[in-house]
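So, here's a batch of structures to check.
Consider the two complexes below, in which subunit A is the common component and subunit B and subunit C are the respective partners.
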Partner chain A sequence: MKSDTNKQTTHLFSQRFSRNKVMELSITGILRFFTYLVIVLAGYLFLDITYNGSKAVFTKEAPFVNFQFLTEKPQTLHVFEPADIDTQLKSAKAEILTKSIKRRALSNSNYEAAEAFTLAIKDLNKEVKELDDLRKERRLMFSDTEYRALATTPSTKDFVYSTYAYSGGGIGPAIIGTILLVFGSILIALTLGVLCAVYLSEYSKPGKVLQSIRLSILNLSGVPSIVFGLFGFGLFVLYLDWGVSLMAGWFTLALMALPVIITASEESMRAIPKGFREGSLALGASKWTCIRTNVLPYAMPGILTSSIMGIARVAGETAPIMFTAAFALRDRLPWEGLENSTDFFFQGVMALPYHIYVVSSKIPQNEYTQNMQYGTAFVFLLIVGLFALSSIILRVKVRKKYDW
Partner chain B sequence: MSTEDLQPKDTSPEFSKRRVVLFGKDTDSIIKGFFGCTATVAIVVLFLITLFLIKEGSGFVGQYQTSLKQYRLSGLEYVDILKERREDHTALMQYLSDIKAEWINLLKKEGLTQQAIFKKVMSPESKAVFLGYSRTSSDLRRFIKDKMDAAIEIRDQQITNDNLQETLNNYAKKITEVEDYSFKLSEEDRAEFILKLKEKVRAQSFDADKLETSKGLIEGLKSGVALDTKSREIYLSLLRDEFLATENRIQPVIFEKSILKVTNEQQRYFEILNTLEADMKAILLKSDSIELDNNNLESRMERFKELNALFFTSIPEHKTQIKEWDQNAAVPLSKSLSSFLTGKDWITASDQQDWYGILPLLCGSLIISFVALCIAVPLGVGAAIYTNQISSPLEQNLIKPYIEFISAVPSVVIGFFGVVVLGEAMRGLSQLEFLAWVPFFPIQERLNTLTAGCLLALMAIPTIYTLAEDAINNIPKHLKEASLAIGATPLQTTFRVIVPSALSGIISAIMLGFGRVIGETMVVLLCAGNRIKIPEFSDGLGVFFQPVHTMTGIIAQEMGEVVRGSVHYRALFMVGIVLFIASLIINVSAQYVVKKYNKMDS
Partner chain C sequence: MNVNFDIQGKQAEPSKPPKPVIKTKNLDFAYGDSQALFNISMDIFKKEVTAFIGPSGCGKSTLLRCFNRMNDLIDIAQIKSGSIRISDIDIYNKDVDVIELRKHVGMVFQKSNPFPKSIYENIAYGMRIQGVKNRSELDETVESSLRGAALWDEVKDRLNKSALGLSGGQQQRLCIARALAVKPKIILMDEPCSALDPVATAKVEELIHKLKKHYTIVVVTHNMQQAARVSDRTAFFYLGRLVEYETTEQIFMNPKNSKTEAYVSGRFG
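Let's turn to the complex of A and B:
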């Protein structure tokens, strides 16, 4: 009977599970798994930074944004932890450690005794958690300015005192520095890059020379950013003696973005059909009029996309500005305390990427430094992400609009 | 129709506007010239990068040669040859103490008490072996230490001389400048002059008459009086005094003579070696009396003896090497380049000799790239195939921008994530008890090759994905349709028709991904552990858990603290050149792969 029912469901075109079919399904499954693995891993990175970073950037009360963190200068954090609770905590933790060692020692031999230890450890853990909450409630934290303004510092008898560099205050100068660096460098790179692309695609005579120039520019866009940093350090900072300054950073970053912008802009200009140019030239327009009215407007979206991508790249790089423009700590804003107006261009600034490098490599990881670390990374990711996202969206739209 | 209409209108024609002509050129060619100029500037500046790198890097060869010459002349090289035996002996000692530690562990496992173990390990026989062995080399150590100090002294004297010579040259230049009557005091000179005058006045080294004038002069200089004939004379005399004083401080090093302090007592050294050999042999004989009671340990002890025998056989060769060492042997220019390219040490700011060998950095970069590509290639290419061939359009529209977005994540953020999350997670994972069977667990360093490799894979995936997806997308539709028409399943079509025809594009995507990985700085600087050492490939898979340093990382780490124009500075530029060339080769070959394929297609 059983075989009969089977026969009824299997007709000639029904799905049959052959070895090949299983193979196909499993290969598809593996590929799907790979794809989603990438998505999940990257997603975890985004979520982790967003979750922990938003603790620093957002607040639970009214304005919901921690403006202090976004505008203040980075400072040393002074922490006073209540001494009595600290000692209690330490002893409780030591107790847990000894108990767990003892439990491990008799884990197999005496089940009941081990169970008793487990229970005791559970209780202790609860106690530790309560103590920890209490400690968080009673501890005092001051940034540098607040600490100096204190009339009387908390006595060291009642409090355990510790300091953490860079962990207090905010990241205001770093945000401003990054914005200055990005806009200056992109201004230089766009002017040079677009003009160069117009010449290469519209005026130059095609030939071997042009081909080799195009190829070498393309190759330069693959050169590691640290090499550009090395070059900028050697030429601008040392040889031209500009010192660690905004100017040096601008030019280094601009040179790094230049090959990308030239290549992308030229490509979007060359993608415009010949007919557009020929039509306007046939009507008697001069070459420049033709470029101005019939080439640039249609190439503009492409140039814009590439330039926004360039901004994202420039803003995200750390290596080129490490020795050319960035300071680990600078408590003056760029426009404060200038003697000459030219000094503005020859001063180092703080920058978000370099600040992330400093706070993640130079200070220890703990609950006090975490806020600064994650907060900076979150803000930085947000800024760069917005640029990148707008570039991606723009590109998708442009593709739909101009399809010739 | 009136005749009026046929009359030409009085309005001027469209083209009546005269063209503006400047310097014999019309507007259009001026605009063209303007574009041409900017294009030239941009291109020239880009090529300047190459030139500048080569200019700064090329000085390295000569400077490093000088440094190597000094290394030989001062006898440091001789001392390093001496040190080889000492290092070998230390390695042997290490081996012996390993045996001892293992022995103690075994005894503990057997359940002996502390005292019983102590009694066994510290019995007179074993004490004589373990302690006696380490004492054998004390004479050797002392001897080598003395020689090393002597050699360093010579080298330091030479460096001081070089510095003094430079100061001397500066003074000489200054004196000729001042002797010229058109010379004017700069602010810096003025301050220096006042300072020196004050010193002289305080030291009372002038006679009374001169003292008064110089006191007056100080006041005059402070108020900014220009140099007259008299004060010029005083300034010159001061400078000449300085010149002579500096000249006297130079004590020229005669290498032929001073080297004797290092190379004398060769006979004594040989005697020391002989006694060392005899002592060691005597102790080895005693070692049979220790009862290790374990096959493994005993075989290790046998191996130890074999190693010792090797040590003894190497001594005669060592002796001839020392005898044949020649202080004046030439150091060719090629030696400095080859010791950069094949050197196994990168040691800077040491009190002996600085070494600039790129191998440890190159190995670090390559091994991290290898790990990254091992992860990124299957994931990136797999995801590309999946989105282009298998997934639904909705999935495609979501996944593509998402992965493109990953490429915009700044590398420093990824590096930070590695330090804070991945490194900790990896250490936590390796310490779990049920994973203890995995070899190399628990790992010693949370920041190692694998940590950096995993993170770099995340950076390489978007590059590989985007380019590979493009390549697959560009395959003509008819290939797919033909394959489906003859009855192949979609997956067969994908793997037997589409992937092979897109293979060149995929390969070039992988190469560009490699280029991105090898040039990445921040992630490796933060997460690779930064230990400058060639990874020990003898560890098998354990090599992936060792911290390494990379070419990009070393530039980022050391560039901030070098003196401009020093050997170290130039060595970093050499590393930059190597990176530059590597990235060029990768890019060009990726383009070559694509081009070749395109020719085949048409």
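Let's turn to the complex of A and C:
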């Protein structure tokens, strides 16, 4: 009743149709569609890595975490496929191939015969799938250490034997290497970046020189990462003769993160109210005292957050460490077999991004390497996420401490 | 008229002739190309409250900030000619340590600017940056400064709470206490009450009255009633020039200059 009356009576402000409204609605729809598209794509990416990666990292039985994968060194994977099923599979696949070729030849002239082939192929596909499941059930896979520990190797009569590099074992050294790289470069980049930012925002006189310095720092962030990698290779690895080492990697990564850190630090310091500085200077503080006690502490949360984010971003790059710090494979952990303590800084390490690159590019991708690739990507994602999370927690904590 | 002036002048003058502590002579001051102060000459007397009044942009804050060289922070600001002498020392001389000067000449700002630290740490800040670590000395100074700023009774139970939790008026008095803690002789106040409500303003004015016994105070204010209430002498500035500088009674009751008269009676500004 009520709605009826509403429909009939039109008043001054009642709804009416207009082209603007249609436009408005469709624009909203388009914007929403693209936003959701981006979210769906990103979500798919993350879910895919998480789903496939967690197969490598987590196990079905307690303790639910595959410590072997997280701690062991990468090893060659030894695969023994059951020979009888393998031959059956091969013949079935060959048959599918021949049948589908025949079908294609017939498809235009004899429709019924082609249909028969289609059905046969369908059956064969089912058979292949069953055989494949059986194969996965009966196949044997060993990492290098396991393989060597075997009392008797499976006979090659019953099994088809193949090996895949880097696909067995775990990614322990790569995790450790990445963490080392990130922490070292954070330390270097923060020190350099904050010092530069303090000078630029507090001491330098505004003018053309300062402007060009700012501009060149900004431009630095546009330099491709591979150029940084080559620069680091030229300067640190070759000229300074540090070799492929942690040090070279740290400095290369730090240099790459510097623009972000300097810009963010300057921004954070500029956000500190003028009153803090004036108040402090009016009490007889020197400039540095004022900065140390009344600017830096309050700018620190902002500096830390954006810096750690910047570093985490940079640490994900493969190119800068490819020539400077990363080894494709290193079976010793960084603290193993050091002759003297400085050796620690001058050794190459494995790193997750480079490991992903190596596993993905240097050997053909197949079902045996997939586990390692997804697992590495997943762990890497987790580590970068942890860094981001820790930076946020740090900021919240420091903020609370200063109550501002 | 003349008789009236004589009587008022006598009332305002203390029996002893006042001693000038800040002597400004022929001061020309510029921000880059635009000159902000023209040929200012004035003496500010010891243990008196001097008020600077004038419309916005007339240079009163600029002059105030010259007294403790806060204008040094602005790159383009420079003194073109003239001098400022505090206790007979030219403070723009090369051998003057700005830090020592600022310890001697404290400042309270328009917007109360407590640091985001505890009340205690705010007051102790000035001592700490001078390297005082002795806890009892710090405690003593904090208490005496807070008492000096008439804030002790209100905050003594929450010295370790953040200073940002105080009300606007309390924050401003905290800033005054913070300035007192470094034991200055002169206190500059740049519109200390412009952001405060009438009750808080009254408290700060009361405080200024009290502080007069021990300190020389210069107050910049937009509020003419305030100048009349708190100050002994008033200087009227207009367009970067010192128009009239006399005892407060003189300025408000019997100004010599027609512009001063127009301003204090509220006809422009």
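As a working rule, the second predicted complex is superposed on the first by the 336 of 404 C-alpha atoms of A that agree within 3 Å, B and C clash if a C-alpha of one lies under 4 Å from a C-alpha of the other, contacts with A are read in each partner's own complex, and residues count from 1 in each chain.
Here is the rule we go by: a contact is a pair of C-beta atoms (placed from the backbone, for glycine too) under 8 Å apart; a residue touches a chain by one contact, two chains touch by 3 or more.
Quick caveat, the model's predicted, so the values are computed rather than measured.
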Once chain A of both complexes is superposed, is A:206 in touch with subunit B (first), subunit C (second), both, or neither? second
Looking at A:286 after the superposition, I want to know if it touches subunit B, subunit C, both of them or none. Which is it: first, second, both, neither? both
So in the superposed three-chain picture, is A:233 touching just subunit B, just subunit C, both, or none of them (first/second/both/neither)? first
Which partner does A:45 contact after superposing on A: first (subunit B), second (subunit C), both, neither? first
Which partner chains sit in contact with A:176 here, subunit B, subunit C, both or neither? Use first/second/both/neither. neither
Subunit C versus subunit B, contacts on subunit A by residue: B
In the superposed arrangement, which partner chain does A:294 touch: subunit B (first), subunit C (second), both, or neither? second
Regarding the shared-chain residue A:275, is it in contact with subunit B (first), subunit C (second), both, or neither? second
Dual-contact residues of subunit A, meaning touching subunit B and subunit C, are 284, 286
Note: in the complex, subunit A contacts subunit C through residues 205-206, 273, 275-286, 289, 293-294, 298, 402-404
Considering only the defined contacts, which subunit B positions touch subunit A in the complex? 15, 27-28, 31-32, 34-36, 38-39, 41-43, 45-49, 52-53, 56, 378-380, 382-383, 385-387, 390-391, 399, 401-417, 419-421, 458, 461, 465, 489, 491, 495, 512, 515, 518-522, 525-526, 552, 555-556, 559-560, 564, 572-573, 576, 579-580, 583-584, 586-588, 591
Which subunit A residues qualify as touching subunit B in the complex? 20, 24, 27-28, 30-32, 34-35, 37-39, 41-42, 45, 48-49, 191-193, 195-196, 198-200, 202-204, 213, 215-220, 222-231, 233-235, 238, 255, 258-259, 262, 284, 286-288, 312-313, 315-319, 322-323, 353, 356-357, 360-361, 365, 370, 373-374, 377, 380-381, 384-385, 387-389, 392-393, 396
Could you pull out which subunit C residues touch subunit A in their complex? 68, 70, 73, 75, 99-100, 102-103, 106-107, 109, 111, 113-117, 125-126, 128-130, 162, 164, 175, 178-179, 181-182
